[in-house]
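Each of the next two complexes has chain A plus one other chain: chain B in the first, chain C in the second.
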Partner chain A sequence: MVSLPERIILFMLVAAGPFLLIVVPIGAFLAMSFFRMENQQIVHDLSLANYAAFFSSWTYVKTLLLTLWLCAEVTLIGLLIGYPIAYFIWRRSGRIRTILLLLFVLPLFMSYIVKIFTMRSILGLNGFLNQILVAVGILSEPSQVFLYNQNAILFTMAVIFLPFVILPIYLSLERIPRSLVQASADLGADIGTTFWHVILPLSAPGTIAGALFAFVLALGDFITPQMVGGANGFTFGRVIWSQFGLAYNWPFGAALGTVLLAVALLAIVLGGLAAQRQKV
Partner chain B sequence: MPSRAERITDILLAILAGLVFIVLYAPLLISTLFSIVEVKRGQIQWETATLVWYGRLWENQSILDAIRSTLAVGVISVTLAAVLAVILALYVEWEGAIGRRLIELVVYLPFLLPPIVTGLALLVFFSGLGLDRNLLTVTIGHTIFVLAVLYRLVLTRLQTLPKSLVEASADLGASRWQTLRHVLWPHLRSAIATGAILAFTLSFDETLITVFLAGDQMTLPLRLWAMMRVGFTAEINALVTIVLVISIGLTILVGMRLQSDEVREE
Partner chain C sequence: MGLSLDAVSKSYGAQQVLAPTTLQVADGEFMTILGPSGSGKTTILRLVGGFTRPTSGRIGFGDADITGMPAHQRPFNTVFQDYALFPHMTVAANIGYGLMVRRQTKPAIAAKVGQTAEIVGLGGLLDRFPSQLSGGQKQRVALARAIVCEPKLILLDEPLAALDAELRRQMQFFLKSLQRQIATTFLFVTHDQEEAITMSDRIVVMSAGRIEQVGTPKDIYYAPRTQFVAGFFGDNNLIPGHVTGNGMVTTALGTMPIPAETDRRERDVMLAIRPEKVLLGAAGSGSHQVSCRIDDVTFIGAITQLRLRPAAAPDQVLTVKLTSDRTRLGLESGTVVSASLAPGDIALVEVS
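On to the complex of A and B.
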């Protein structure tokens, strides 16, 4: 048997890489949020000034709240469309089911940047949406209302993150034993009753996981808002990004990033608790 | 026999799935179409159909450089992550391991955190070390990002192997190294390969972390972003089509490998 000191040394050897490249950077990032800027230089004095500046500025707090609302909407749309599709795939069988699953998961891996630009070319003034609406006669001329606002961000994010919602829901549906569904039917429950009382509760863990994916991804996204949101499309992620770019205030940006991290972790913990309760 | 309500539900769901399918695959449909034909006033000009733009790509030095960077970053970061993942998984499965949960948490962190946090954390870290941002910093970022995927697949494979396999090997007098080389490795190999393809697919498309770490270097997604900001040309659409087809091909490969693993286990 290996002695304890040897086990500790081995642990340190194995864990050194991940700790150095994951834990230390996150630590450095958190530390940065307590520093301050002076004459374009980062001063290494520890204080809570950045957090105080954030919480006392209604503009920043409002941006965070609006972003949270946006993420909640993205999540809701994701669930409302993602759940029926996962359910549809699950109801097929054999090869068709496998192929359908693959088709709806594949877009997950398609280029993120390309997806954003595609949405732009669909929503834009000369975009497909306008061309179709004008051709059908709903609009008399192309409209600018589809691009460069909060709704454009919402719609684009909902499309981009949808596969992240479908996959976990499908996986939890797949774990439901067919015999349970059969038993419910044998006991006289119609398809609606079986769905509400058997399938929906049993697939809750995957539904929660899918919701979390959509929420956290939307929360941290800063490129979509910039590309389809235009001047009106400010989100919290974009504000953080600007602090590390043009605004050049890394400590304040790090504090905002830490707030975002805290919100993401809170969402993950709450989601985890909700999933646990469902299991019992 | 499905009831009437069930049939109607299924039809409605199929219509929804069809619509969503079109939206999800719009990037591929649009880029493929525009890389081959011109569209004027909403009319497709079939007589302009040409594949010449696919050939032109190979004359564009900035695109070739970006492809080379992306391949180098992908191959090196996946290799590093695979080695790390195997070491970590073997350690976590070892009976004398301590801090298992801590290691797992750390490995999964970059995958769970919003990419903006991972990217900024590395940015602050590298600048604190005085490291210039270039492909090396991008490679490190990608390594820790894809580590979780490789670790998960290798660990799952290790856990499905019967303990008696290792015990039998030890009983027969094999050293730990011999057991690893001749007993475990043949089983791990295919899980590592699947994980490596999946990890490469993720690295190939990674943008949200990369943008903080690339400095003035360009990976393919960053080059595409820069090109598309200026406007769409047939050449960009040709490049986009190739990029999408590669991602789709790699994902299908991963899907098929995971599927055949499942069949084998049953």
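On to the complex of A and C.
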């Protein structure tokens, strides 16, 4: 047996990692959001001024709302494309299933930047998409509309985050015993009825997890908007980044970051509650 | 009429797991498929249920050929070995699933579900989820879910395997009386010979993907036709012998007459004698007497089991079961007794 003091020490050692790596940075960040800038110096006075500035500026609030809307769209597109893919993979068997799964999840191991550049080269003026559309005759000449706007951000994020949507959905499908699907058929349900009453509800936790991944990842992403959004594609992530990187107003940036963190946490809590209601 | 398998076989790739099998199950019959693990019991059930397609052959039900009919259109319901209850649905929703799928009205479903729950003894648990039920209760939900749609045939894949001995006996009794009550054909899978004998109208004994014997429990118990069946039913005494053509069979225990109405061709056979059919002491007329020494005596409660070594063949062991009150006659190990085998109690088993 391990004695109590030993256990406390053990616990502290184990807890030290998460504490140092997660709690301390977030705490520092939170503290920063209550400071203020004066003559390019951070003044350590505690106040809610940064938050007040955010909530009283329609531009900032509007950017946040538009970003939330964008993230919701990314999530929806991710689910609409990701669920059928996960379902399709699940219905295969043996080697084909493994290969398909690997194929769709492999992008997770690729560099994020590489993926964005790939998307850029697909959507760009001389890109793959334009070449095809011109070759097929749908367009008479390459078009600029695919890149450097809000839709380009939406499309790129949806594609890049797709593996994060597919994987949890697939895993929750994988956990459904085949005998449940057979039992449903046995009781007279065709595949559509079985899907609606058995497969969809039982894969809901994974679907919610996939949706959360897409939503939260899109929420915090400032690189994709920067790279494919051009001057029009402005998101909240980009605003925060500019506070740190361009305006050098770290306290205000930290306050905006805290707002973003709160929104992300709220999404996670709501998703968690929804998932919990599904599973008894 | 009823269910018929006509030369139905199943292969996975090059491996044949079910040899061409022909079988009839009459309407209202309690038919049990019995066999060791991997003998193809579940395979037959899955073929009948429509969860796999036969590699060859035809499956018929009534006048219809249902070989290619998808599972959800077959008028059969299955009680799965792992119950396969829907974890996200209450007991009521589980039981009513088949009715809901058939688009019955909510009040009709509720009434039928309540009624069926009463039959299987689940009243009061309708709002629980499967995770809140005991094994025996889950079992009953699976059963209720299968009978609620009034199928023509119920398929049960080792439904009692996971229950403890006492509950198992209760459920055996219950299943049998339920089957009589709803007058539905049961196709029941088990690897427990006692269960098969107590519950079935007829038993199909399977081994290695083929049928060894089909018959009533008594047929199978007292007149096993193959060595496998004779061996599978527990403690049969198996004695090699040779039929000599004049109605006699020679064995290491001596020469004795073969049972009436058996094939008299000269050949090697195996004699199967049930332990409770070996008599000790005074013999009836026409019985074959074997002098034996008692090797050991085991008291098993109502029954006492003796192991005898015939003087003429010390390598052969004869197992005998007596009601325990009869062993007060001073049967102890070491005693020499006379065992008698009546021709009518001997089954000749063909050796292949």
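Criterion: the second predicted complex is superposed on the first by the 265 of 280 C-alpha atoms of A that agree within 3 Å, B and C clash if a C-alpha of one lies under 4 Å from a C-alpha of the other, contacts with A are read in each partner's own complex, and residues count from 1 in each chain.
As a convention for this text, contacts are C-beta pairs under 8 Å (C-beta built on N, C-alpha and C of every residue); 3 or more make two chains touch, one makes a residue touch a chain.
All of these numbers come straight from a predicted model, not from anything done at the bench.
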item	value
Touching partner for A:Gln131 - first (chain B), second (chain C), both, neither	first
Touched partner set for A:Phe11, first chain B, second chain C, both or neither	first
Which superposed partner A:Leu48 touches (first chain B, second chain C, both, neither)	neither
Per-residue touch tally on chain A - higher for chain B or for chain C	B
Partner chain in contact with A:Phe88 - chain B first, chain C second, else both or neither	first
Partner chain in contact with A:Ser184 - chain B first, chain C second, else both or neither	second
First (chain B), second (chain C), both or neither touched by A:Ile96	neither
Touched partner set for A:Ile22, first chain B, second chain C, both or neither	first
Chain B and chain C footprints on chain A, overlapping residues	190
Chain A contact footprint on chain C (complex, rising order)	49-51, 70-73, 76-78, 80, 82, 84-88, 97-98, 100-102, 129, 131, 145, 149
Chain B contact footprint on chain A (complex, rising order)	1-2, 7-8, 10-11, 14-15, 17-19, 21-26, 28-29, 32, 81, 84-85, 87-89, 91, 98, 100, 102-115, 117-118, 121-122, 128, 131, 135, 159, 162-163, 190-192, 216-217, 219-223, 237, 240-241, 244, 250, 253-254, 257, 260-261, 264, 268
Interfacial residue positions of chain A with respect to chain C in the complex	177, 179-180, 182-190, 193, 197-198, 201-202, 278-280
Interfacial residue positions of chain B with respect to chain A in the complex	3, 5-6, 9-10, 13-14, 16-17, 20-21, 23-28, 30-31, 42, 84, 87-88, 91, 96-99, 102-103, 106-107, 109-110, 112-117, 120-125, 128, 140, 143-144, 147, 201-202, 205, 207-208, 211-212, 221, 224-225, 228, 232, 240, 243-244, 247-248, 250-252, 255, 259
